[in-house]
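In what comes next, chain A is part of two complexes: it sits with chain B in the first one and with chain C in the second one.
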Partner chain A sequence: MGNKKTKLHYYPGCTLKEKTTNLDDTTYAVMDLLGYELIEPENWTCCGAEFPLTEEKIVGLAAPVRILRQVKLEGGNKVFTVCSFCFNVLKRANEAMVTDPLKHKRINAFLKDDITIDRVTGDKTTGFPEYNGDVSVLHLLEFIRDEVGYEKIRALIKRDLGKVKVVPYYGCRLLRPKGKIGIDKPDDPSIFEEFLENIGCEVIDFPFKQECCGSYLSLSMPDAASEASYNVLRSAKLNGADVLALSCPLCYYNLDRRQDRIKEKFPEFHEMPVLFFTQLLAWALGVDEEILGLDQHFCDPRSVLGIDKSGVEI
Partner chain B sequence: MSNNSDSKKKNKKQSETTLEMVPIFIMGKKHDVPATLTIQKAFEYAGYQLVRGCGCRGGICGACGTVYRFPDSYRIEVGLACQTVVKPNMYISQIPFFPANKAVYDIEELEPTGSTVWALYPEIFKCVGCGTCTRSCPMDIDVMEYISRAIRGDIAGAAELSFDCVMCGLCTVRCPSEEVQYNIGILTRRLYGRHIAKRAKHLEDAVENVKQKKFDKGVKKLKKMDIDKLKEIYSARETEPQFGPEEWEPENKDYLITE
Partner chain C sequence: MRIKLKFEENEKKFIDRVNELSGENVYSCYQCGNCSSGCPFVFEMDILPNQIIRLVQMGREEELIGSKALFLCASCFTCQSRCPKGINIANVAEAVRHLIEPKGKDYFGPQEIPAELADELPQQALVAVYRKFSK
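Now for the complex of A and B:
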């Protein structure tokens, strides 16, 4: 494996550095095995988490466009994310810089006067070049399908996931809005299924794979979020799944970390393990259990992976 | 006497001819002030008595945050009045005070995590990343960057990046998301100092020695000492040489703490 690694820009997003470090750690682990050295754009900030939908209030574009401009200034022509929210915002902000001349003009006029300060010398830089949407924004599922290739993944597999029955859960942000995201057909997606099949899982179809988990309602209307998540998990169970796979930290929060709240509202609810797609991939590629961060889960997914509490094979 | 006053007059005349004056506008009113003055001294030269918004006069206390503009530029410039020399045609206003919410907490009871910061300053998530705070900082701190670190729970990073903050509040004045960056910054520095930074063993030992009254005898002796004798032993005291070896130790080891 002494080959030189390919440098690739990676935007993790805030949640991955605090609440879901398991998603970040497994991303680093699998990308290392696939031959990539990840570069986080310097001074990255929160992407904003929501793409601004109002025509005039465009300040929410400043942060994602600045992040993309930084990738370009560092010589990158693509950046990938694993968080569905970050992906959605960066992708659409990028698209706005191509398709909306007025937003392009206003955001670039604003960002031109940014100041960066050299941490060592204290020198200030200002007068930044325009950003024209020329960095491609990719989700890791997309990057694996189009650039790594499933063949390479299959060749690197170290652990058999054959007995694991998985439902792919897309949620909202990976696919919609139609025509703006482009990772797959929003009405009839298959990218997640293909990925799971190629890492050796038994894929189970279920009707709630594009439904909402409750999203931010877990803050303002927790009961409504519990119900939405309950419907998703119940359907997965009824269809015979052992585990639900996803890519979004907020879906993970609603579908795993809030299972105690779901149980309060629906006493007949059965706990169900939830795993990030990168955790499944990491496991298949032979990454140490420790790096998977399984202790962070509410519902312990170890039995699904065929190991007991201490990481020993069952 | 008369000679003396003559030379004074001559000096005055000379300084008047060489003193370069520049026009500045204090809250819109024009004043001609010597070109070498800081904004703070120019205010006083123009007749203002500074009671608030004027502290250490040395660029540390952060009381004299000031904004200014030039007629031919759209930019809002910032500086500390005591550190910034006047320039011709600057339009100046000091912002000596700006209301800012401040969380009340007992640092001992807090954990050094993102959740702590988020609970005390939930509005931190309103940050839209516009970067105006960084543009407004007279201390050249990347304010937006340390707020980003706090948002993602990196307390040590936020503490380090905000270290030079003088709490002037100009970031807060200009923030469109109504953040109080400097209070968030000092929270992260307190969390870092109390809970993350490595404890200094020799300091703890020294404090323990004070508690054990190890120095009481020496202090009593000094208190009783004659002033001249005190001066003498003070002048003759051993101090660490400026370029001495690392393993230097004083000859008198009575009060030396070694690990």
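Now for the complex of A and C:
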């Protein structure tokens, strides 16, 4: 060890610093083991969670473009995320800056007059350069496949996950809209399966891997969202899975933290552990249990990882 | 039977505004229904996604007002990925929501969040739901 680490921009997003610190902590832990030093863009803000779908809401692009411009100003040419929502918004905002001259013009005109104030010296900076979409936005699954390589991951495995039957859950934001995301084929993806196989899981296929879990409707239409989440978890269980793996903090909220409300609506529902893909990777790479933040889960996933209730590995 | 072939002025304006805001062309839809068969929330909807498009094609703004279906869209883009004509139906739904929402009134605003939920909700859910359903 003691090797110099490669610096890499990482955009965590707001939920990871508050409600799903387990996803943030395990990302830092695994990237450290893979030889990367993560840099968060200075003064990052929320990405806006939703890519604006109508011309009228174009100002929603200001936040993601500002984040990307900051990465570029810090000398970065790529940024990765683990949250599917952030990935989707940043990737699409970046693409809009390349392919849509009107959006490029309007957003750059809006952001040109940004003022930043140095916290120490009080110096003001203004007159920012145009952002032209030249930072590549990657999801960690994509970064591992294309830049780290599965071979390197396999060589670093410390714990055997062989007995764990996992279903990969893509949800919507990792794959769609079709033609805009490009992490994998939206109708027949395999990147998550390959990742799980390479970290030593037994992968189980199931028909709901690309279905929506209910997303933000769990706030505005909770009953409809519960039904959508129930369908996903039920299908995973029927197909023989021990655990469902995902990458989105909102899917995690709907599929794990709301299991009590799913049970209220569907009394025959069986609890099902849910883990972030970074938690599975961290465990396989030998990261300590407390970093995994398993106490934050509604449905305890310890038995899946072969840990008994007192925290001892079985 | 008389069949009306010409749109009224306000109907034409509504269709043009939806196309302009969404960046889509609703006239290209030939009502195959792929969007409705893939949508994960049709079980709760009063009108189906393809019917939303049809009503826009016919300029029937008043029939879209009050439709629950417009507010059941989670922007999961399953419809878009299956549409043989490449229409982004979520964009159309967002444009229609924008045009029919009562001015200055939120469909779903901060006052709708129960206090006991405020602590557990992930930030991204709050940001996303307000982006979608409030002014």
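We take it that the second predicted complex is superposed on the first by the 313 of 314 C-alpha atoms of A that agree within 3 Å, B and C clash if a C-alpha of one lies under 4 Å from a C-alpha of the other, contacts with A are read in each partner's own complex, and residues count from 1 in each chain.
Here is the rule we go by: contacts are C-beta pairs under 8 Å (C-beta built on N, C-alpha and C of every residue); 3 or more make two chains touch, one makes a residue touch a chain.
Note that the structure is predicted; figures quoted are calculated from it, not measured.
Spot which of chain B and chain C makes contact with more residues of chain A, would you?
C
After lining up the shared chain so the two structures overlap, which partner does A:C14 touch, if you call chain B first and chain C second: first, second, both or neither?
After superposition on chain A, A:C14 lies in contact with both partners, chain B and chain C.
For A:Y28, using the defined touch cut-off, is the partner it touches chain B, chain C, both, or neither? Pick first, second, both or neither.
A:Y28: touches no partner chain.
Using the touch definition from the top, say if A:K124 reaches chain B (first), chain C (second), both or neither.
first
A:E50 contacts which: chain B (first), chain C (second), both, neither?
second
So in the superposed three-chain picture, is A:R66 touching just chain B, just chain C, both, or none of them (first/second/both/neither)?
So A:R66 only meets chain B here.
Using the touch definition from the top, say if A:P186 reaches chain B (first), chain C (second), both or neither.
A:P186 sits against chain C, while chain B stays out of touch.
If you stack the two complexes on chain A, which partner ends up touching A:F206: first (chain B), second (chain C), both, or neither?
The answer is neither, since A:F206 touches no partner chain.
Residues on chain A in contact with chain B in one complex and with chain C in the other?
The overlap between the chain B and chain C interfaces on chain A comprises residues 14-15, 18, 46, 48, 60.
In their complex, what parts of chain B are in touch with chain A?
Per the stated touch rule, the residues are 75, 113-114, 127-131, 134-135, 140-142, 144-145, 148, 151-154, 176.
Sort out for me which residues of chain C touch chain A in the complex.
It comes out as residues 20-23, 40-41, 43-44, 71-72, 74-78, 80-81, 88, 90-91, 94-95, 98, 107-108, 112-113, 117, 120-129, 131-133.
Which bits of chain A are touching chain C when the two form their complex?
Within the complex, chain A touches chain C at residues 13-15, 18-20, 46, 48-50, 52-57, 60, 83, 85-86, 171-172, 175-178, 186-187, 210-212, 214-221, 223-224, 227-228, 231, 249-250, 252-253, 257.
Which residues of chain A touch chain B once you look at their complex with the stated criterion?
14-15, 17-18, 43-46, 48, 59-60, 62-63, 66, 110-111, 113-117, 122, 124
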